[in-house]
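Paired with subunit B in one complex and with subunit C in the other, subunit A is shared by the two complexes that follow.
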Partner chain A sequence: MTARQLWLRIGQALLVLLATYTLAFILLSALPSDAIMARYASPDLGLSSDEINAIRAEYGADKPLIVQYFTSLFGFLTGNFGYSVQTGASIASMVAEALPGTLALAISAFVLACIWALLIAVAASFSRGLRGFVLGLPSLMVSLPSFWIGIILIQLVSFKLGWVPVIGASPVQSLILPALTLSIPIAAPLAQVLVRSIEDVERQPFISVVKARGASRSRIFFGNVLRNAILPALTIAGVLFGELVGGAVVTEAVFGRAGIGQMTVNAVANRDTPVLMAVVVIAATLYVLINLLVDLLHPVLDPRVRRKERA
Partner chain B sequence: MNTATFKKPSVILASIILILAVLAALVPGLFTSHNPLSGTSGALLSPSLEHWFGTDSVGRDLYSRVIYGTRQSLLGALVAVLVGLVVGTILGLIAGAQGGWLDALLMRIVDVLLSIPSLLLSLSVIILLGYGTVNAAIAVGITSVATFARLARSQVISVSSLDFVEAAYGSGASRFQVLTRHILPNSLTPVIALAAVQFGSAILQLSVLGFLGYGAPAPTPEWGLIIADARDYIATSWWLTVLPGAVIIAVVMSANHLSHIVQKKAR
Partner chain C sequence: MKKRAMPLSSIVLALLLGVTACGNVTQHASEAEDDIVTYLEPNFFKTLYPPSAGFYANGGVLNQVTDRLLYQDPETLELSPWIATKLPEVNEDATEYTFDIRTDVTYSDGSPLTAENVVKNFDLYGKGDKSRKLTSSEQITNYDHGEVVDEDTVRFFFSEPAPGFAQATSSFNAGLLSDATLDKDTTGFAPGKATEIIGSGPFVIEDEQMNSSLTMKAREDYDWAPAESEHQGRAYIDGIKYVLAAEESVRTGGLVSGQGDIARQIEAPVEKHLQEQGLTISSHSTNGVTNQLAFRFRDPRLSDIRVRQAIIAGIDRDEILETLFSDSYPKANSVLSSSALGYQDMSQYYVYDPDKAQRLLDEAGWVRGEDGIRSKDGQRLTLNINEALPQPRSREVITKVQEQLARIGIEITLNPGDQAAQDADSKDINKVQIRHTMVGRADYDVLKSHLHSDNRDSLLNLDEETGELGDPELEKLLEQIASSPREEDRAEASAKAQRMMAEKAYALPLFEEPQVYGVQPYLEGFEEESIGRPNFYNVRINHDRLEESQ
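Moving on, here comes the complex of A and B:
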């Protein structure tokens, strides 16, 4: 990738981010009656219009939209995501508090998903008898509602078998079932891509050459096929991230775990639009960064891409 | 589609399940005589010949709630797919046919839609429109607009370069006529196939929104809501979650299986 292409790609990513922020601002902040009105204008609260105006001024909602837009944009760039309409707390500190729990969940689920996907790929390649069954697994996994997996796991592992206590579990124990739940919808697309790309690599002429030289099946698989097959899986990193975020929201709701997902669900329940907007903008930023990273890493990891670009 | 495809057992099974689901959505009375909204016998009865799926915490027949919930799910998924199909195709058609700055602008909007994780996009729509069956369906539909728009655009661009389009222009047809009579109909097959593929995932996404409580209001039988209601009884009453979940999985898997065959044939 030339320096020009590099800057073009980075510029494009920044443009998408600005557009995402703008759309989120228009939809969630400017339209139709803003969050503060929705929350405080209810007659039950008995606030006078002067009091409501004072609250609006406190949140900066009385200023012209264009001023609000740039104030809020500047805030997002400097890590100030605004204030919750529900509690008045700073959203940045809410995120900081909720993030570690969600991060632990997402990372352990992702690691588990990679293990499932690898197991499926290996089983499909090595066992003729299991192949049909194993190749059917991903399509079963994408058809499972993740909230249902979570509930069934609680039912089975906690109540029936008593392996993980329902109340008073240690932090590690309380991570097992949620991580397992979240790993299923992540593993499915990963396994699908991996199996397909293994089939592609196995058809390549160089595999026949290695075979002809007398390499063992497992040596070919782990030494040649898998190494080349993992790369295409990188391209769905963005998709997997989206699944992780959505899955984390559902999983945290099922298990009652504190985290970004729980925060998001509460925000929707209380019509706390600034919180939802912050979550949307942060998630979109991460998505764009991940895709940018994958694009930049691809030529580094795959010499063929580098050569093609130079040619 | 050739006859060999129809004879595969998995295809036959999936077709039967989907036909039953559609029948249940159209005439739920055909499958059950119990009332889905009011209790008849005791609460939390385990499955029996009288109550196939047992009864829930207020004594309602669970099987009839799942049957009546079929309409919510299938109709909602239909609305969701239609929203994605219609909005996405129109955007893609305009972008592909017009080109230039309009194309660039529409495709950047598509990039934005793709950059927001789909559940967060649905939740944003719900916080704007409020709760409810139709709003949840629209929210799910919005998440597929970008995919439809991209596919429709690439189809329109490739069809536009074909000879018969040139010929249509040459014989004096207006731009609008060529677009609606020639380009659009010839671009649609893969788009319709995508709509079929989206159907299963729309059912699943709707059940998630129902489970979180953003779909149909409380007494309405809705698949996600039925399972959410059962959460307090999982220690004692396995049937409340296992059986409705099994129905969701069977319908979603059948829809996915058939739609992938449709998509393969469309290529």
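Moving on, here comes the complex of A and C:
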């Protein structure tokens, strides 16, 4: 990728972020009720309409939408994420607390998902007898809802077998079951794409040539087939990041893990627009970054792309 | 071929062994070297600002870390001294309250609890501070100002009689906080700042994992428990680990597997299962307005008393309670709980009689259509009920009501949406005509909180567009409850209001809503305060029973 292309991609990424931000702002504003009503009109407080209106004015919620949009956009551009309306917590500190946990979960789930996908692909290629069963696994895995896997794992592995605690667990222990839960539906499409592209590569003429030169089956598989087959899987991995964020929402809620997912659930339930805007921006930034990274990795892994670029 | 499949199974086996290597790490939650009780909460706290802390999870924290001027016995609801050395002196029209306070109390940051500090607390709770986005307390009405009389005496002044004030000082919504804590704005009471909330209570917040867990430690020098309490001095346990476990299956599974010691919000169908596993079910009434359906009588369909009476006669509460609930949920006989102050039995007005219901609707001119639903002048008898998300099994209750009222020709729809949508829609009579709700507070004032147009206005008595009241007589009675200086007058006004609610068929009380906890058998002394929030001060771990349970 040339420097010009790189700048172009970064420019595109910034445009995507702005568009996402604007769209999210419009959609959230269109929802009935808002964060201030959600907090201060709650029957728990028993406030009168006059008192609620005074608080609305204090928050600037009575200003025109366009003014609120630019105020909030300016805040984000200057690094001031503001405060959660629901709780009053600083959004920067909420993100700082939540992001590491979610990243740890997403990364470990992703690594696990890659392992499952590789195992399935290897098993499908090497064990012809079980091939039908193995090929059916991704469809099964993708149809299992995360919350169900989570609850089953908690009940079985933690409460029944007592292998790992869910309540009062250490940071590492508390990662095991959620990562496992999240990895299963992510592994499914990865495995499917990998198996398909292994089949495609195995049919390529250069594989016959390598075979004819007497290379062993495993050498051909790991040295030639897998290396070529991994590119489409890498592309889909970038797309799957979105699934990881979505899956984290459910997984964190089920396991009571603090993280971006749980923060999103609470913010949605309370119409906490400033928090949701922060979540949207973080998710979109990560998504854009991961896809940029995938694009940059392509030439590294595939010499053909490198050559094309040079030409 | 089979041989080549081995790597896969070996890796899976290795992974499983890896997990097993962490194996058997679970132990009884309170088994650690200190007596720490693990408390499983379905929600994380949202704010620790006392006047806004009505939400269960907030009260569950504040009740452990703050003391109050007076103590309210959760069973008898009688008030007795706590930080105040005796009950307050009240002037004749209940506009001046004078408290003598202890002078030996300190906050957990070492600062003394002084008369100035007590006044500072109530000046904030009574009036709020909009510039800091801190609201006033719903329970402290007509507050004017506080004054320091001398080192151990404070006096509070009210613009109108405020007979509910003494009880209000006993609630966790009036938990006393240090000067530094009172200087914070709304962000200072938010999640992430819990360790900075300084009270004088038996526990101190030591650590917070935002939106995940809180650790509270017993305060070693705590020596000012309510005078009525047999137990004085430090709490028996060393601390509380407050853990978020939003999923009900995680809370109950956590109890059964011994990973948790106490869990809040145990649903009725699970109670029996937990008891079979040897756990104790502890339930406590919330001592206020019962779980009920409040009819917005300004709606054209509900403005006819016969329609409201028909709904009451058409709902079989026994069937609802037997199908959905347990013994922890007693049938309600009034808009107030039987244990609430001022309760009057009005059960004769709430009798299931489907024939009467049909007759009333016929008389009112509602005729059954082809699908069985009645209509009149081209308008269908369709009414929308909000889903009361914080209340137990609201959706299931409404589904049962739907089924029962369909039999007499009334169509019930469930208002969709999350908490924010439900709150917003519930303020609009065109969207929600029947409000499913309850209010917990152990004072006569609770009826005013529930119904007055300045408070929750559950019946939407006030038409915000015209500023007119649908029933000014009811509003007047509520004001009498909240501002009559003499207790007898308050009780009488409360009785009249309950009778009016029953005679005018303004609401159908369903059950007396409890807070239900699952408790390990080795925990002793677990109690709830007067509206069901947990109190850990008297909790102790019976180590013999703990060993037995393993």
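Everything below uses one rule, namely that the second predicted complex is superposed on the first by the 252 of 311 C-alpha atoms of A that agree within 3 Å, B and C clash if a C-alpha of one lies under 4 Å from a C-alpha of the other, contacts with A are read in each partner's own complex, and residues count from 1 in each chain.
In this section, a contact is a pair of C-beta atoms (placed from the backbone, for glycine too) under 8 Å apart; a residue touches a chain by one contact, two chains touch by 3 or more.
The structure displayed is predicted, hence computed values, not measured ones.
Colleague: Go through the superposed model and pick first if A:A253 touches only subunit B, second if only subunit C, both, or neither.
Modeller: Once the two structures are laid over each other on A, A:A253 reaches both partners.
Colleague: Contacts for A:A121 in the overlay, against subunit B (first) and subunit C (second): which applies, first, second, both or neither?
Modeller: Neither partner.
Colleague: Examine A:F159 and indicate which partner it touches, taking first as subunit B and second as subunit C; both and neither are also allowed.
Modeller: A:F159: touches subunit B and subunit C.
Colleague: First (subunit B), second (subunit C), both or neither: which does A:N266 touch?
Modeller: Once the two structures are laid over each other on A, A:N266 reaches subunit C alone.
Colleague: Just subunit B (first), just subunit C (second), both, or neither: which does A:L28 touch?
Modeller: The answer is first: A:L28 touches subunit B but not subunit C.
Colleague: Going by the touch definition up top, name the partner, subunit B or subunit C, that contacts more of subunit A.
Modeller: Touched residues of subunit A are more numerous for C.
Colleague: With both complexes superposed on chain A, which partner does A:A89 reach: first (subunit B), second (subunit C), both or neither?
Modeller: second
Colleague: Give one of first, second, both or neither to describe whether A:L292 is in contact with subunit B, with subunit C, with both, or with none.
Modeller: Once the two structures are laid over each other on A, A:L292 reaches no partner at all.
Colleague: Figure out whether A:P145 sits in contact with subunit B (first) or subunit C (second), or with both, or with neither.
Modeller: first
Colleague: Intersection of subunit A residues contacting subunit B with those contacting subunit C?
Modeller: 32, 151, 154-155, 159, 253-254, 268-269, 271
Colleague: Spell out the residues on subunit C that touch subunit A in their complex, using ranges where they run on.
Modeller: So the residues of subunit C touching subunit A come out as 1-2, 4-5, 7-8, 11-12, 19-20, 22-26, 29, 38, 40, 46-47, 51-52, 54-55, 130-131, 133, 135-136, 138, 185-193, 209-212, 241, 243-247, 249-250, 253-254, 256-257, 259-260, 417-421, 423-427, 437, 439, 449, 453-456, 458, 464.
Colleague: Within their complex, state which residues of subunit B touch subunit A.
Modeller: 108-109, 111-112, 115-121, 123-124, 126-128, 200-201, 204, 207-208, 211-214, 224, 227-228, 230-231, 234-235, 238, 241-242, 245, 248-249, 252-253, 256-257
Colleague: Mind pulling up the subunit A residues that touch subunit B in the complex?
Modeller: 15-17, 19-20, 23-24, 27-28, 31-32, 139-140, 142-148, 151-152, 154-155, 159, 241-243, 245-246, 249-250, 253-254, 264-265, 267-269, 271, 273, 276, 279-280, 283-284, 287-288
Colleague: Which part of subunit A faces subunit C closely enough to touch in the complex?
Modeller: 32-35, 37-38, 40-49, 51, 54-55, 58-59, 83-84, 86-90, 93-94, 97-98, 115, 119, 122-123, 126-130, 151, 154-155, 157-168, 173, 176, 253-258, 262-263, 266, 268-271
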